[in-house]
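Chain nomenclature is as follows: A, B, C and D, assigned in order of appearance, with residue numbering initiated at 1 for each chain independently.
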Amino acid sequence: MLKVAVVGASGYTGVELIRILHNHPEVLVTSVTSEQSAGKRLSDVFPSLRNRYDILLESLVPEKIAEKADIIFTALPHKAAMQVVPTFLATGKKVIDLSADYRLKSADEYEAWYEPHLNPELLVEAVYGLPEVRRAEIAAARLIANPGCYPTSIILGLMPLLKKKLIDPSSIISDSKSGVSGAGRGAKVDTLFCEVNEGFKAYGVGGVHRHIPEIEQEISLLAGEKTAITFTPHLVPMDRGILSTLYATPVASVSAADIHRLYEEHYDGEAFVRVLKQGEFPSTAFVRGSNFCDIGLAVDSRSGRIIIVSALDNLVKGASGQAVQNMNIICGFPETMGLDLIPHYP
Amino acid sequence: MLKVAVVGASGYTGVELIRILHNHPEVLVTSVTSEQSAGKRLSDVFPSLRNRYDILLESLVPEKIAEKADIIFTALPHKAAMQVVPTFLATGKKVIDLSADYRLKSADEYEAWYEPHLNPELLVEAVYGLPEVRRAEIAAARLIANPGCYPTSIILGLMPLLKKKLIDPSSIISDSKSGVSGAGRGAKVDTLFCEVNEGFKAYGVGGVHRHIPEIEQEISLLAGEKTAITFTPHLVPMDRGILSTLYATPVASVSAADIHRLYEEHYDGEAFVRVLKQGEFPSTAFVRGSNFCDIGLAVDSRSGRIIIVSALDNLVKGASGQAVQNMNIICGFPETMGLDLIPHYP
Amino acid sequence: MLKVAVVGASGYTGVELIRILHNHPEVLVTSVTSEQSAGKRLSDVFPSLRNRYDILLESLVPEKIAEKADIIFTALPHKAAMQVVPTFLATGKKVIDLSADYRLKSADEYEAWYEPHLNPELLVEAVYGLPEVRRAEIAAARLIANPGCYPTSIILGLMPLLKKKLIDPSSIISDSKSGVSGAGRGAKVDTLFCEVNEGFKAYGVGGVHRHIPEIEQEISLLAGEKTAITFTPHLVPMDRGILSTLYATPVASVSAADIHRLYEEHYDGEAFVRVLKQGEFPSTAFVRGSNFCDIGLAVDSRSGRIIIVSALDNLVKGASGQAVQNMNIICGFPETMGLDLIPHYP
Amino acid sequence: MLKVAVVGASGYTGVELIRILHNHPEVLVTSVTSEQSAGKRLSDVFPSLRNRYDILLESLVPEKIAEKADIIFTALPHKAAMQVVPTFLATGKKVIDLSADYRLKSADEYEAWYEPHLNPELLVEAVYGLPEVRRAEIAAARLIANPGCYPTSIILGLMPLLKKKLIDPSSIISDSKSGVSGAGRGAKVDTLFCEVNEGFKAYGVGGVHRHIPEIEQEISLLAGEKTAITFTPHLVPMDRGILSTLYATPVASVSAADIHRLYEEHYDGEAFVRVLKQGEFPSTAFVRGSNFCDIGLAVDSRSGRIIIVSALDNLVKGASGQAVQNMNIICGFPETMGLDLIPHYP
């Protein structure tokens, strides 16, 4: 059995990791940490886990955690992650980090969007853990930067077109919508039930959301040239789910059938990407609780623009499920092990 | 007192008309019709109206309805509207039609998107009732085509830029999101609670939604040239509200401050359009139950694209509130009479 | 014009007061206060009020507020209210207090459930402001204790039976359910969207909720004898609404028709209590945004138990609407002035 | 591998069965049926199942289905079930019926609440499949009547008290609340999103809900005497979950600690019943997607009444999960096989 630690287990990605790992036949969760709830049982923080995870939450002492684990999942806020990841690596353990701390290759970019990086040398080594993009590198990594939820939906939605250089790189727009769990479990007025329910809003409009450098880094690599994005996130009154509606202008006229064939071929064999039939479009409801990313495709009859709609569960393929997928690759387990989850419907 | 009839009172726009007209000091609702519920009390169909609107729903006999009313609101499905509107007009009464039947100027376009029009001669006469665009024509009209909900959010969002010819007409994208009441009160699996709740989806992707010809007709008129739109509607798990996120490429570089000043000046004096401060963006929650259309503005720092976010309540400014606003204009009442509604929050 | 102040305007009952008062033809809101948001515009705190209530929030200086107002609504947390109410009264102004501070007649009871009372002498004078129970006393009062939301639903639901002594006072159970706005606008994990949405729970089980002494005081007065209640509150994933399902054993066998007649007669002439037809039961959806309390009645065929279901909007009849109703009575305005609101549906 | 058929796979209990069975290591779903969707793929009806259950839905020909299956789950409406179950049994196959058709022991009672029974002789043989009540009988059965969702929550909530004869059988009240999926997937106005969302209502008030005879049959058996219930169901605006708040008067004074000990002992060793700590109460959110029934306990300090709160997922422990639990018992699999599901949170 693989021993794993979940560092930062009192947030939504933490509890989702536990839920998924519980069904993994080769994994044993050996320790869970939380600064604010240390000393409580995990099931006191998340009563959903009663009688299953009554283990105590520890305060984070990296060396102690590392002793008991083969792989460490860090589900901490940014900055907190980079304060402890080097210690985990120094003990010889592998780390799958769910924060933003190791996603950017450039320390300058990290500083521009966040703050000065504490261990920029690790940025070079860390592997951006999107299995559908770089499975082999992930298998060999000791530090995985698990992708953000919005970026996963956007990169998977654009990859086939980008790699074939079929779209004008200056034309890309992602109008993205997220459920509320993406905002975390902190006590804030903005995410109170009555502030969110029965409303829909845009936020971070105009190119200011911190996921932008991560998206641009990855789509530029795929396109082989500097590629920008206009990205507008929105908040949907639901717990889980991200849906990105992507717009791009093709460099030459294409049909919906062409695009569809391209995506089917590109994602052939991928267990977690479902390319929908022509004329079908995804709903977050049909991926809820699963590791799927569903993709629907159209060509706008009036402008020739390509429209791609991608949907995933932000806590699964957008966070904890993808983290387990990375773990499976690193450990040589079948990639779907513990992740063959049918979406909850309704 | 102005006597009004609400034809098609058993749908969501019908009951919303009643709610708004109830607070109008100059209006008396003299008859309400419904084919499927004729003979029942209106308050049996909508128990919210108990003790206030216990009047009987009639089957629609246009002459009978016209006798008792000065103005007739037709809140019928398309096709059903054009079957009765000519009769109402023939009796000398004015009609405010909430269906799509008189919104398009071209009978060919109507036929292409719907079916052959039964009285195409009225298409020329009907006035597309967006007060912020053509107040004077509305005042003189006897047939108002009350605008669609999506189109209202898009046209108001784009008007200042279009009139000044500041944007490339081929660059316009509207990524729009609607609450579920827009789908009406018919019994369909697609709009059951469990099918909609906790999900978010795109529909009508690729230029196939019937609001497109209406939008393009109006933005072309404003721009003074043929202007197309890429329009993607989405369904939000909430009762009310539409939010459109609009993207357009400026013909010359502009700043957010420039755009903001333009909108403030353009909408100066409009009672129901609120241009938000720079850096603020609308939520449907802040217009719920009111006749406001809120507009926020940004310029994307990376691409120079202009992003406009507009929000309204689809049942009020997107339907019944706008219909009452048109009635006020036609009747010479103050435009805000009965419509000075503070949004419900929360 | 009556000048009113809203003290504690940055909470949900505060903004709802503003919404209702805005439609009151005889009222002008002259000042609004908030400690945490003093110096901000009210519309910055509640963007729903943009362009309508851009007035500045003041820090609470009772003398300054009293100078500008004829009537003061205090929408403060308990304890904060009793710290300022005496000052308002001393200036000769009338106060309608929406907190719990003046609802209990007994200072001992107040201390047992809350803490020592700061001005117990006012408990005797304060009038528990349920117009359907004591309209005349309200008219003559200078201090109104505006009832709690749960108690209003329960007292109105039981009053006709209690006054006729038709039920066993030891048999009463209220299984009550509330929307989330009742929990206020404070930043707490418990009322985050993701904690509340898609869940239903009981809380305060076993006779520990602070509304109990208030309920028992009032139902005892109505029954003319000490009357206890078993009260279980629950949290519903919706913004607004309270529904109480009340169970009581009759002292002698009664039919549903008897009960129904009793309630119809009892509430005959009441503008805001709607006794539903036999076989009909209320939904909070049909009172949303209005000052109605809807009541449905049944007799359980198997046990003879009487079941009363009452529903109201916790922010309107359960708080701010009732406060305005009290204001109307005190000021000699028609009781429905500004309150003839049709519920929002949907 | 056990071959199973899901008859009536196009409803919510059908798709939930598929979701659960997919994770069962010993089961293969060999056929799925639907009259209205025969010829379509199961994944066309439930896109959540894309790429996993693209098998064709068949029209129901019992002999054909029985040929391919060892066990048949019938997830049909009442009446439809009893039309086919005898044929399945005649082929020697075992049946787990999720309808109401075999839950009542008395054909007269069935007729009184539903209609004349088509095969009353099977009522005697059928085993009411609540494992926590009669595990041994289930193991030996060839026809399981899978319990209703409300009854499961009520029977599990009352069982320890009933068996010990600690409560007055005439005092029992169940105030129960259900999510919307319990109403099925049929196209009805009543369960449209806009009719249900943001509202809470009682229905079937006064002893008329069809689950009553089933509840009374089972609690009478447990109590060893005829025991009635006052049962009021309510509709909660959420997809899944049932919470029952149960009230009962003890025959002699008991403490909360006594009751708690009783429940802990009674349910000791049960994998799916979680007795909460004193002072804790369940939420449907903490059992969502799992086979758990959570139970919280209190004694009302004012009346001595016992209050039991039980919560489960109506589609899992209240339907499909319990059906799989019964299948495990019948087949000799570990009772938790395929059912060790951590609740989805959030």
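Things worth noting here:
One rule holds for everything that comes next: a contact is a pair of C-beta atoms (placed from the backbone, for glycine too) under 8 Å apart; a residue touches a chain by one contact, two chains touch by 3 or more.
Please read these numbers as outputs of a predicted model, since none were measured by experiment.
Think of each touching pair as a link: the shortest run of links from chain B to chain D has 1 of them. The chain pair with more C-beta contacts between its two chains, of C-D and B-C, is C-D.
For this pair, chain B with chain C, the centres built from the Cα atoms lie 36 Å apart.
Averaging Cα coordinates per chain places chain C and chain D 38 Å apart.
For chain A, residues touching at least two other chains, in rising order: 12, 181, 194-195, 197-198, 237-240, 283, 285-286, 288, 346.
By the touch criterion stated above, chain A contacts chain D in their complex at residues 12, 15, 18-19, 22-23, 46-52, 181, 198, 239-240, 274, 276, 280, 283, 285-290, 292, 294, 340-346.
Chain C meets chain A in the complex at residues 12, 180-181, 185-189, 191-198, 237-239. Listed in rising order, the residues of chain C touching chain D in the complex are 170, 173, 175, 177, 179, 194-195, 197-203, 205-208, 212, 228-230, 232, 234, 236-241, 243, 245, 247, 256, 281-286, 288, 296, 298-303, 305, 307, 309, 311, 346.
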